[in-house]
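Got some structures for you, see below.
One chain, subunit A, appears in both complexes that follow, with subunit B as partner in the first and subunit C in the second.
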Partner chain A sequence: MEDIKMNKIESFEASTAKPPKRRGLTIKTKKLAFAWGMLAYPILQFLVFFVYVNIDSVLMSLTWVQTWRETAIFPTFHFFEKFFRDLFVDKLDQVVFALRNSLLVGLNDIVLVILSVTLAYFFYKKVPGRNTFRIIFFIPSIVSIVIYTMVYKYMFNPTIGPVSKALQWVFGWNESTTPLWFSQKNGIWMIMLYCLWVGTGYNILILGGAIANLPEEVMESARLDGAKMRHELFLLVIPMIWPTISVSILGAVTTMFTLFLQVELLTQGDAPTIAYLINSKIQGSPNSRSEAAAIGLTFTVVATPIILIVKKILDKVSDSFGF
Partner chain B sequence: MNKFKKFLCVGLTSLLALSTSACGGGGGGNTSTDESTVNSESTNVEITGEVEFAVLLAGYGETPYRELAKAYMAKNPGVQVKLRFDYEINSNVENQVNNGVNVADVYSVRDLTQIINFGLNGKAMNLSSMLDTTFGEGYAEANLPVRANLDSKAVSACTLNGKTYCFPEYSSVTGFVYNATLFDQYGWQIPTTTKELEDLCKQIISDTNGTVNPITYCGAAADGYLYLAIDNWLYQYAGIANLDEFYDYGSAELFAPTSKISQGKQLAHENLVKFLADRNDGGYARNGSMAIDHHQAQGELISGTSAMMLNGSWFENEMSAVLEQNPGVEMGMFAFPEMSDASGNILHAEGYTTQQNKRVLDASYGAYYFIPENCDNKEVAVDFLKFLCSDEASIIYTKYTNAVRPVKYNLDPTSADYADLSFFGKSVIGIANSCYLYSAYSTSPLAIDGVVSLYPKGSYWCKLVLQDPVTNTPESKIVEDYNYVKGNWARWQEEYGI
Partner chain C sequence: MNTKHKTPTGKYVTILPKKERVNRSKSEKIIMWTVFALLSVYAFTLVYPFFYLVVNSMRDITSFKINPFGLPKGIKDAIKNIKANYGYMFVSKEIDMNVPMMFFNSIVLSIGQTIVGMALSCIAAYVLAKYKFKGNNFIYVATIVASMVPTVGAAPATYKLMLEAGFLQREGVTGYLYNYLGMMLMVGAFGGPFLYLHSFFKAIPWSYGESAQLDGAGEFRIFVQIMLPLASNGVMTFTIMRFLGSWNEYWGAYLYFGSVFTERETLAVGLNRISKLADNKGRFVELFAAMVVTVMPVFIFYAIFQKQLMRNTIGGGLKG
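Our next item is the complex of A and B:
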C-alpha cells in the first residue's frame, strides 16, 4: 500500500514538473520555416519557369543577330513582322498549315470531351464488359507515346497494317492506291484520330470519377419520376459534373497551342501545328530562336483572351446550373 | 501532425535541393552523356596535359573517335584524351559554351551558324593562326602548313571576316546504296546515266520476274532521302561555275523558271517521279514504300527484296546489326547517275564546268570542330585539332566511318590504307575519289541569315511532288519559289545592304 502511494506521488511530481527548456527554434520560427518550406519550391518554379522564361522570351523576340555585320539589333520587331508577313502576305505553307492544324486540334479536343462524357456515362450505367473497356481505353494513357504512335502507324501500314488491309478489302485499294495516311494532306486527320483514341481513357477516368460520386438518391428519384437515359445524362449528369467538364474543355483549348509531339512522331513534321513550328525553330540558330520567341509571344497574346472568354462562358454555364 | 509537417518540410527541402542541383550541373541535364578515357601506349613526349573531346554519339558510333584519340596519344604520350559521347551535344553545347558549364576543349557539332555566333561573341577560338602553323615532326606532312592540307572551300565556309572559327569534320557522300550480292548474282552493271538506270530497273524486274523491286523509298524519317537525288542531279546538271554563281545569291532572277538552276530542279524532279513512283503507278519503286519506315526499307534492301535505295555513307554503320545477321550479303554504293535524255546523252546546263571531267556531286559538310575560348586546355586542344587536320587522322576517320573528310589525303580505295575496309566502304571512298565533291556555302548575308536557300520558302518540295505529282508539279513549285523571292527581293536588299 505504501509502495503504491509512493509511486502515485512520484508520478504526480513527474506530471507537474516543468519540462526542461528546449533550446532551438521557437514555434513562430518553426511555423515560418514550414511556410517558407512549402512556398520555396513553387516560388522558385514561378521565378525560373515563368518570370525568367517570359522575360527572356520577350528580350529574345526583340533581338536580331546580324552575323554578317558582326552585330545585333535590339530592340526590333523584325521577327514579329516576319511572322505576320509569312502568314498573311507570303502565306508560307508551313505557317498556314500550322495555324489551320492547331485550330483543328482544338476542335478535335472538344469532340474528345463530348465522346469521353458519353462513354463515361455508359460505363456508369454498368454496360456489359465495362471494366474491360475501361482498361482498354486507359492503356494508351499509361503507355509511352513513342510506343503507341508506333503501334498506331503500324496499324495503318499498307503492307501489314490490319486497318489498311481491311480498308483495302472494303474499297478495293492496293498498296499504291491506299492513301498516304501520314502525309501533309492526311496527317492532321490521323493525328486527331490518334488523340481521340489515346485521350479518351484519361478523360473517362476523370469524368467517370465525377459521375460515380453523384448522389445515388438524386438519380434514383429521377428514375422514379420516369427520366430516361437521355434525360439523366443531359439534365442531371452533365449539369452536376459541369465543373469537371469545364476543366476538360479548358484543357482542350490550351492543347490547341501546345500539341507537337504527336506531329513529330506520326508525321515527322509533315502536318505541323503552331507548337511544332515553334519547337522546330527553337533547335536552330539564335535568330531562329528569336523567331520562335516572337511566334510564341504572338500566340500568347492570341491565346490569352480566347482562354479567358472560354473560361467566362464556362463559368456562365456553371452559374446557370446553379454552381 | 507535427511529425507530418517535419516530414513534409524535409521532403520539400530535399526536392528543392535536388532540382537546384539538377539545374546547375552537367551539360544541360542530359543523362546520356558518357565520359571515357582512352589509354596511350606510345613513348613520344612533346605536349603534356589533357584534352576533352565532345562528340555526338550517333550513326558513326564511338569507335572512330576512340581510334583518333588512341592515335593522338601515341604521338603525344604526355596527353590524355578524354572522350565525351553525348546524344544531345548539338543542343547541350549552347549552354556549356555560353554559360561556361562543363565546357569541353574540342567540340564536334552540327550547326555552323551557332559556332560562328560563338565566335562573334568571343566564345569560339579564332583558328586562323593555328591554320598557318606547320605540322611538326612525326607527321607525314611535316613542315606543311595546316591550311595547305585542307580543302580551301571548307576553310572558307568556316571563315567570317577573315576569322576561321571551325573546320568541317566530314563531307556527306551519298548515292544509290545497292545490294551488291544481288548485282553479282544477276550480273547487273552500275549505271552512269539515268538512261542506264532506267534500263537497269527494267532488267531487274525482268530478270527476277518482278519479285525484286528495283528501288525502295527509304522511309519517312528523312523524307526518304529524296532530296539527295534532287540535289545531286541538280549539281551534276549545273556544274561548278553555275552553282558558285547561284550560291552568291546576287539576284532574284537566279530563281526564275528559265534559270539554269530551275531547269535543273525541273529535270531532277521529273527523274525523281520517274524512278521513285510506285511500280503500280509506272515507276520503279516498291509499291507502298512511302508508307513504310526506314528500318523496314533498309532491311528489305539487305534481304534482297529491293535492289537499290537513296542513302549515304552512314548506311553500313547504321545497319551493322542487320548486316551481321546476314554475313553473306554485301552492300555497295554508286554515285548518282547523270541525267540524260532517252538516247543516253548527258544533260548539262549552259556554262557547265567541272574539274578533270569529274561528275559534280553534292557533299555538304556534316559536323564542325571548334575550340571554345573558355576551355581549360586550349594549348593541347589546338594541337589535337591540328592532328585532326592531318592525313593520318583523316585516314583513321575514313576507315572507321566510311565518310570522307575535306582534307587533302589519300582516298584511293585500292591503297593499302584501306585494305581492311568493307566493299561498301571502298565503294563510298571510290565515289569521293572519282567525283568532284561540291559543298555549297555562301557568304551572302541572305544565306548566312537563312533568308534564302536552294528552296527559298524554307523547305524541299520533292516529297510533295512525288506524293501528288498532278497537284504539285515542279513547274508550279518553281514559279511559287520565284514569286516569293521576287516579291521580297527589294526589301531584302534594303535590310541586308546587298
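Our next item is the complex of A and C:
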C-alpha cells in the first residue's frame, strides 16, 4: 500500500499538484526546508559581501571625516567634487593619465578580439601544429599573473633581458640608452603589449571552439560555391559566431574599468588606470577609501550605460546578420 | 568511418580512415604557412621565458650576468648551483624570504577557498536548478544582474568591512586563524562556476532523484550521492580551475592576507615583494629558483588534467 502511494508521488520539480501527506511534515514542506536551508548561507554571504558592501560604498563616498575637528560630515559630495576638480580643473597628471590609459586598454582589448578571431579562423582551417599550439596557448590562463608579469619584465630588463639584448643589438643601444620600458611614458604601451601577449592565445582557443561548432555542411556548401578564405571568414564565420564575439567585446569594454593588477605589477603605478587609482587608495586612511569609493561609484555610473549601449549595438549587429 | 578487418592471424583490427587531406590553392598554402610561422613565434615567446627561468636557476650569478643566454657548465655545476640557489631561496633572512611558509599559506588558502567556493556553488546551483519555490527565479536573476554590473568601487567598502570586523590586524596563531576565517567568509557561491553548474544540474533529469526518493533517500542524500556524481565532470573541472585561480590569486591574497604580516604571504604575494629586493641585490638566479618552485605545481596539475581542463573550459568544439 505504501509503495503504491509512493509511486504516485511525482517529482517536486515537475509537479504542481499537492503532494500526499506523510507523517509529520509534508514532502513539499521538507523540500522547501531543504532548499531554503541549503540556500541560507549563500544568500546571507551575497547580502553581506555584495548588497551591504555596495550600499556601504555609496555611504562611504558621501562621508568626509574631518580629523582636525574630529567629526564626520555626511552627506557631502566633497570627494566627487574633488575628483571632478582633479580631472577637469586642475587636470592632475595621474587622473588624466588614468582616464586616457583606461580608454587605451579598452581599445587594445578590442584589437585583441579582432586578432584572435582571425587567428582562430586559421585554427579551424587546420593550420599545421595546431594541437601543440593549443596546449601552449592555454598556459597563460593557468599560470599566475605575478609569474607572467615578472618573466615579461625580465625579458625586457636592459641588463639580462633577451628582448632588450636583441633590441640593443638591432638598434645599437647600450644598457644606459635602452628605453625605460616600464616608465610613465612607455608603461601603458608595455601593459597593452602584455595584454595582447597573454590574452591572444586563450582568446584563439575560446573563439576556435565556437568556430569548430559551426555546421560543417554550411561551410562545405559555401566552398562548393567557390567561397575563398576571406568570404568564409567575413560572410560566414564572423556572423555565425557573433554571440561569442559579442561576449568578448563586452569583456573588453569591462576591462577598461577593471584592469589594475598589470599596472601595479609591471609599472608599480607609474602608468595608472582608473581601477588602479581606486585600488591604490584602499589601504590608506578612511578619507582615502571614501575618495576611492566616490571614484568607483562615478565609474560604475559611467560604465553601466556604456556596457548596456555596447550590448544593444552588438545585438543589433547580430540581428542584421539574420542568423 | 572506422572499419574492422580480419588479419591473417584471425584477429580483428580497426582501420582508421586516412587523414583527411585538405586541398588548398597555392595562395592559401602560402597564407597557412605564414600563419604557422607567426603562431610558432608566438608559442615560442610563451614557452621560452619558462625555459629561461629553469635553465638560469641552475647557474651561478657570475656566469649568468656574463651571458644570460648560456647553459650550466655541466651536470656537476648545475647540481651545485641548484643546491645553492634553491637552498638560498628556501629560507633567506637577507631578503626576508621564507618559501616553505609561503608554500604553506598558498596551499591552505587554495584548498580552503576551493572547498568552500565549490561547495557553496554546487549547493546553490543544485537547489536553484532543481527546486521550484517562490523566489527561485528572483534569486537566480539577481545573481546574474549582480555579476553584470561593473561594481568598480566595491573594494574599499569590502576592505573596510574586513578591517572593522577585526579579521585583518590580529597577530599570532589566533590572528592567523581569524584572518583565514575572514578569507573563507569572503568566498561566495555565485559567479562563473555557479552559472555553469546551474546549467549542468538543469540538464540532469529529475527521474534519477525520483527513483532514489522512492527507495527512501532523503533530499541531502539525493544531492550528494546521485546528483553530484552525475555532474562530476563539470564539478571536477571547476574545482581544478578554482584551485588554480586561488593558487595564482594575487590581489585578494595580498590585500586581506599577506599585506599586514609577512608570514601570511602566499607564493604569489611573496614573490612580487621579494622580486624588488632581489633586483636590488642582484639575486636573479635565486629569484628564478623561487619562481620555478611557484610555477611547478601548476604545470604538474596541467600535465595531469590538461585534456579535461581544455575540454570543459574552452568548449568541446575543438576538433583536431
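Just so it is clear, the second predicted complex is superposed on the first by the 278 of 323 C-alpha atoms of A that agree within 3 Å, B and C clash if a C-alpha of one lies under 4 Å from a C-alpha of the other, contacts with A are read in each partner's own complex, and residues count from 1 in each chain.
Everything that follows uses one rule, which is that a residue touches a chain if its C-beta (ideal position, glycine included) is under 8 Å from a C-beta of that chain, and two chains touch if they have at least 3 such contacts.
Being a predicted model, the structure only gives us computed values, none of them experimental.
When the shared chain is aligned, subunit B and subunit C each come close enough to touch A:Met38. Once the two complexes are overlaid on the shared chain, A:Ala303 sits against subunit C while remaining clear of subunit B.
By the touch criterion defined above, A:Pro140 reaches subunit C but does not reach subunit B. In the superposition on chain A, A:Ser176 contacts subunit B only, with no contact to subunit C.
After overlaying the two complexes on the shared chain, residue contacts for A:Leu92 are found with subunit B alone; subunit C is out of touch. Contacts of A:Leu277 after superposition on the shared chain: neither subunit B nor subunit C is touched. Of the two partner chains, neither subunit B nor subunit C is touched by A:Leu112. Of the two partner chains, subunit B is the only one touched by A:Ser285; subunit C is not. By the touch criterion defined above, A:Asn54 lies against subunit C but remains apart from subunit B after alignment on the C-alpha atoms of chain A. More residues of subunit A lie in contact with C than with the other chain of the pair subunit B and subunit C. Judged by the document's definition of touching, subunit A residues 34, 38, 41, 48, 159, 283, 286 lie at the interface with subunit B and also at the interface with subunit C. Partner subunit B is touched in their complex by these residues of subunit A: 33-34, 37-38, 40-41, 44, 48, 65-70, 89-90, 92-94, 153, 156-159, 174-178, 180-185, 267-268, 270, 283-288.
Contact residues on subunit C toward subunit A in their complex (touch as defined above): 22, 28, 31-33, 35-36, 39-40, 42-43, 45-50, 52-53, 64-65, 68-69, 120, 123-124, 126-128, 130-133, 139, 143, 146, 148-161, 185-190, 206-207, 209-210, 213-214, 219-220, 244, 247-251, 255, 259, 267-269, 271-272, 275, 284, 291, 294-295, 298, 301-302, 306, 309-310, 314-320. Of all the residues in subunit A, the ones that touch subunit C in their complex are 6-7, 9-14, 30-32, 34-36, 38-39, 41-43, 45-46, 48-50, 52-54, 56-57, 60-61, 119, 122, 125-140, 142-147, 150-152, 154-155, 159-162, 165, 197, 200-202, 205-206, 208-213, 229, 254, 257-258, 261, 265, 274-275, 278-279, 281-283, 286, 289-290, 292-297, 299-300, 303-304, 307. Residues of subunit B touching subunit A in their complex: 5, 8-9, 12-13, 15-16, 19-20, 23, 91, 111, 113-114, 116-117, 120, 160-161, 220-221, 223, 278-281, 287-288, 290-293, 445, 448-450, 457-459, 463-464, 467-468, 484, 487-488, 496-497.
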